[in-house]
Amino acid sequence: MTSHSKKENNAVSVSEMIAQNKQKKSFHNFNEKSIPVFLFLLASITILTTIGILYTLISEAIHFFMEVPILDFFTGTELKPLSQDPQFGILPLLNGTLISSIIAILVAGPIGLMSAIYLSEYASDKVRRVLKPLLEVLAGIPTIVYGFFAFTFVTPIIRAIWPQVEATNILSPGLVMGVMIIPMIASLSEDAMSSVPNRIREGSLAMGTTRLETTFKVVIPAALSGIIASFVLAISRAIGETMIVTIASGSSKNFTFDLTQSMQTMTAYIVEVSGGEAPAGSTLHYSLYAVALTLFAFTLIMNLLAKYVSRKFREEY
Amino acid sequence: MSTLTEKGIKIDLQTSQDDKEALSQIKEKSVIYDTKNLDLWYGNSHALKNINLEILENEVTAIIGPSGCGKSTYIKTLNRMVELVPGVSTSGSISYKNKNILDKSIKVEDLRTQVGMVFQKPNPFPKSIYENIVYGPRIHGIKKKAILDEIVEKSLRGAAIWDEVKDRLHQNAYGLSGGQQQRICIARCLAVEPDVILMDEPTSALDPISTLKIEELMKELKKQYTIIIVTHNMQQAARISDKTVFMLNGEVVEFSETDQLFSNPSDKRTEDYITGRFG
Amino acid sequence: MAKSQAVMRQPNKINARVRINTFWKSIFFLSTLFGLFVLAILIYRVVADGMAWLDLSFLTSRLSTDPNTAGISGAILGTLWVMLVVIPVTLIVGVGTAIYLEMYAKKGFMKSIIETNIANLAGVPSIVYGLLGLTVFVRLMAFGNVVLAGGLTLSLLVLPILVVSAQEALRAVPGYLEEASYGMGATKWQTIRRIILPAAIPSILTGAILAMSRAIGETAPLTVLGIPALLIPLPGGLFDTFTALPMQIYYWTLDSSLVAEYANLAAATIIVLLVILFILNSIAIFIRNKYQQSY
């Protein structure tokens, strides 16, 4: 061995010290084996959360469906949980949820998409770097703040223009929810559009088309799956949104299409019933979970749909 | 081992200007890496085919060949870094100091402590120069500051970069030039006093002047360490190595004294490669 | 020939096409500004309503039904207590999960199950987490509607955000650093603890702060947990009942039709909440810029 030459002029031999340290490495061995197990246990908390949600919703909803036939629940147009002869039809809630979500997407869809087009196709790098984070501030505002805004500002304005509108109505929270989900559509659609490679754009522009024509004939078709996915996710977000509708749309359980009236969404119903004094074990209490299970199923389906769309129809560049 | 005398005589002839050193080399040189019938697959692709090589201690062995010939794969097999790629499988054996390192009972951490590696792109940690050097000693349980200080100076001197960085040991290593970073990586390697240093195209990302400095350093290092270097640069192999391996399509085509391989290759394919007909 | 006619016609058409393009460009630009315009009105409105009511005594007084003496010290303290639960729980579980997924889990069934599950959890409405918390923490574990139950519920809610951002942070650490560490004979855990985590920590912190801001502003799950409206005593521990800033805004907004000044109190509380979120986000941006990859 020649290795002594690098050690002899030195009092300490590092390699020998390392060799000695190896003897007492059992602690490290323990670490190497136990840490992955510990981390796996932490990771499984996310699985337990899902199991917890499913178990909670299903086990309690079953009690509800033992008292209220499932068909009556999904086809009933009357929701009168507190009357002498309680009715538990979910259609008024589904109706409120869908109408508010449709209003929201009617606002956020065009505006979000046009913002995305501007940011991805027209804005200079500098402008985009300022506008995009500012737009995302909208997404960071807590929904309770939007609720306050809808109730104390938007509703009075609407009522000034259109006096028949009630103090609590579905229109105002729908519009505000639309503003809330603009950044979601803008940001996700912009991602989809800017991931369309430039050579495709250049190919079209070189033919003498304008930016607008290139955007609508080439870029948007190529990014369509991402754009659709952003719409689906935004709708899912609107369906699950709670505070804006709870505050601004009130708790009337009318089955109506009149936008000037108060309607209750599934989420607002959950807030109302869980905040009230529903006795444990009552049908009213269990109805909470049946509605929540329906809500959960809706948003899950929308989210899976968004994922499916963006995967299945992804353009190969 | 049987060829030792033969090879020893050749070395003796080459380095006759310093008889003493040559003599000591004859006495002590022994096989450090003995590869036998090594095959390696990435999934289904056969990357190394029946490799047989004996690499001697305290020599510089260069491995050359066109890209994709398996030279990097082979050098990474010598410290089992190749296992970081999923789906790798091997057969055959590599004896390092008479132990088969492909055996699953071998702890890769021990192997890699004895066999250092310098990578293609300088890869210091995003920490201070000092922290980079003491990383190895620390993970192997050396904690005393006085000893660590000593290791830092010795390793940086060993990598011929002490004078350049001694005043800024606590600054981020990424403030250095590429060539300096690579010497920091070499110093980091020396800090645990390995027996072998594997170098995987260590100068391919560097400018010519930095390359020259690293080559000079290698000549210095070979007095104390066994060096195995993969290079795509034939002139570099000719300048610094004692032996050269030429690989092609996962096979060893030729393995001989560097002078002989470059002046009088025995295989037509070697000749084609070194005369620039392909690669 | 038809072809040459088409070419001849183009010059006139091109002017029109360019004009259409310019017109739509300004429409697109105005759309982008629309969101910001609403944001500006919202902030103006909140400040106009609340600023006059925001003073030191508002921050330090306890809750009261009298708008002139009511303060939010209890809500501030409640939010702080809840964050004392959320921060350690999400950091440990979130970063641990991310390390497991990125560094240990082999590609395959388990990893894809956990990742798909996390992606789906991120899309579950927050109110559903409220029901989970109500059933598991408030009732099953019998904590009641206390700080710990609220904190754990919000932790589960923001966990997916933190896991995904921590995974991205770990993935962004260049592979050559990992290689260098293994090359020195370091074990996997040594490499993670000494090289990968330190390199990823700025991005992880940025993600953690964003997750915190989400938790601070979250209201719906707290309403389900039965967090009380009018609570005079201040929380002093994990097992005390509490109220939080967003809950305070909620009740004051609802009751503003009864007592008009409650709207001002709600607005003042919103200012406090937004300032906290603004500070948190500034810290996140500061960390991101300061420690932007030094490699």
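Going in written order, the chains are labelled A, B and C, and every chain counts its residues from 1.
Keep in mind that, in the parts below, a residue touches a chain if its C-beta (ideal position, glycine included) is under 8 Å from a C-beta of that chain, and two chains touch if they have at least 3 such contacts.
Because the structure is predicted, anything quoted here is derived from the model rather than measured.
J.: Return the chain pair with more inter-chain C-beta contacts, choosing between A-C and B-C.
T.: The greater number of contacts lies at A-C.
J.: Tell me, please, which chain's centre (mean of its C-alpha atoms) is farthest from the centre of chain B?
T.: Comparing chain centres, A lies farthest from chain B.
J.: Any idea how many Å lie between the Cα centroids of chain A and chain B?
T.: The computed centroid separation for chain A versus chain B comes out at 53 Å.
J.: What is the distance, in whole Å, between the centres of chain A and chain C, each centre taken as the mean of its C-alpha atoms?
T.: About 12 Å, centre to centre.
J.: If you average the Cα atoms of chain B and of chain C to get two centres, how far apart are those centres in Å?
T.: 50
J.: Pull out every residue in chain B that's touching 2 or more other chains.
T.: As it turns out, chain B has residues touching two or more other chains at 110, 113-114, 140, 192.
J.: Please output the residue numbers of chain C that touch at least 2 other chains, ranges allowed.
T.: In chain C, residues 187, 190 touch at least two other chains, as defined above.
J.: Please give the residue numbers of chain C that touch chain B in the complex, ascending.
T.: 107, 174, 176-187, 190, 194-195, 198-199, 294-295
J.: Chain C touches which residues of chain A in the complex?
T.: Per the touch definition, chain A meets chain C at residues 28, 31-32, 35-36, 38-40, 42-47, 49-50, 52-53, 56-57, 60, 110-111, 114-115, 117-119, 121-123, 131, 134-135, 137-138, 140-149, 151-153, 167, 179, 182-183, 186, 208, 210-213, 233, 236, 239-243, 246-247, 267, 270-271, 274-275, 288-289, 292, 295-296, 299-300, 302-304, 307.
J.: In the complex of these two chains, what residues of chain C are touching chain A?
T.: 10, 14, 17-18, 20-21, 24-25, 27-29, 31-32, 34-36, 38-39, 41-42, 45-46, 49, 92-93, 96-97, 99-101, 104-105, 113-114, 117-121, 123-132, 134-136, 156, 159-160, 163, 187-190, 213, 216-220, 223-224, 226, 246, 249-250, 253-254, 256-257, 263, 266-267, 270, 273-274, 277, 281
J.: Which residues of chain A touch chain B in their complex?
T.: The contact residues of chain A facing chain B are 1-3, 5-7, 10, 12-15, 17-18, 21-22, 24-25.
J.: For chain B, which residues are in contact with chain C within the complex?
T.: 79, 81, 84, 86, 108-114, 116-117, 119, 121, 123-127, 135-136, 138-140, 172, 174, 185, 188-189, 192
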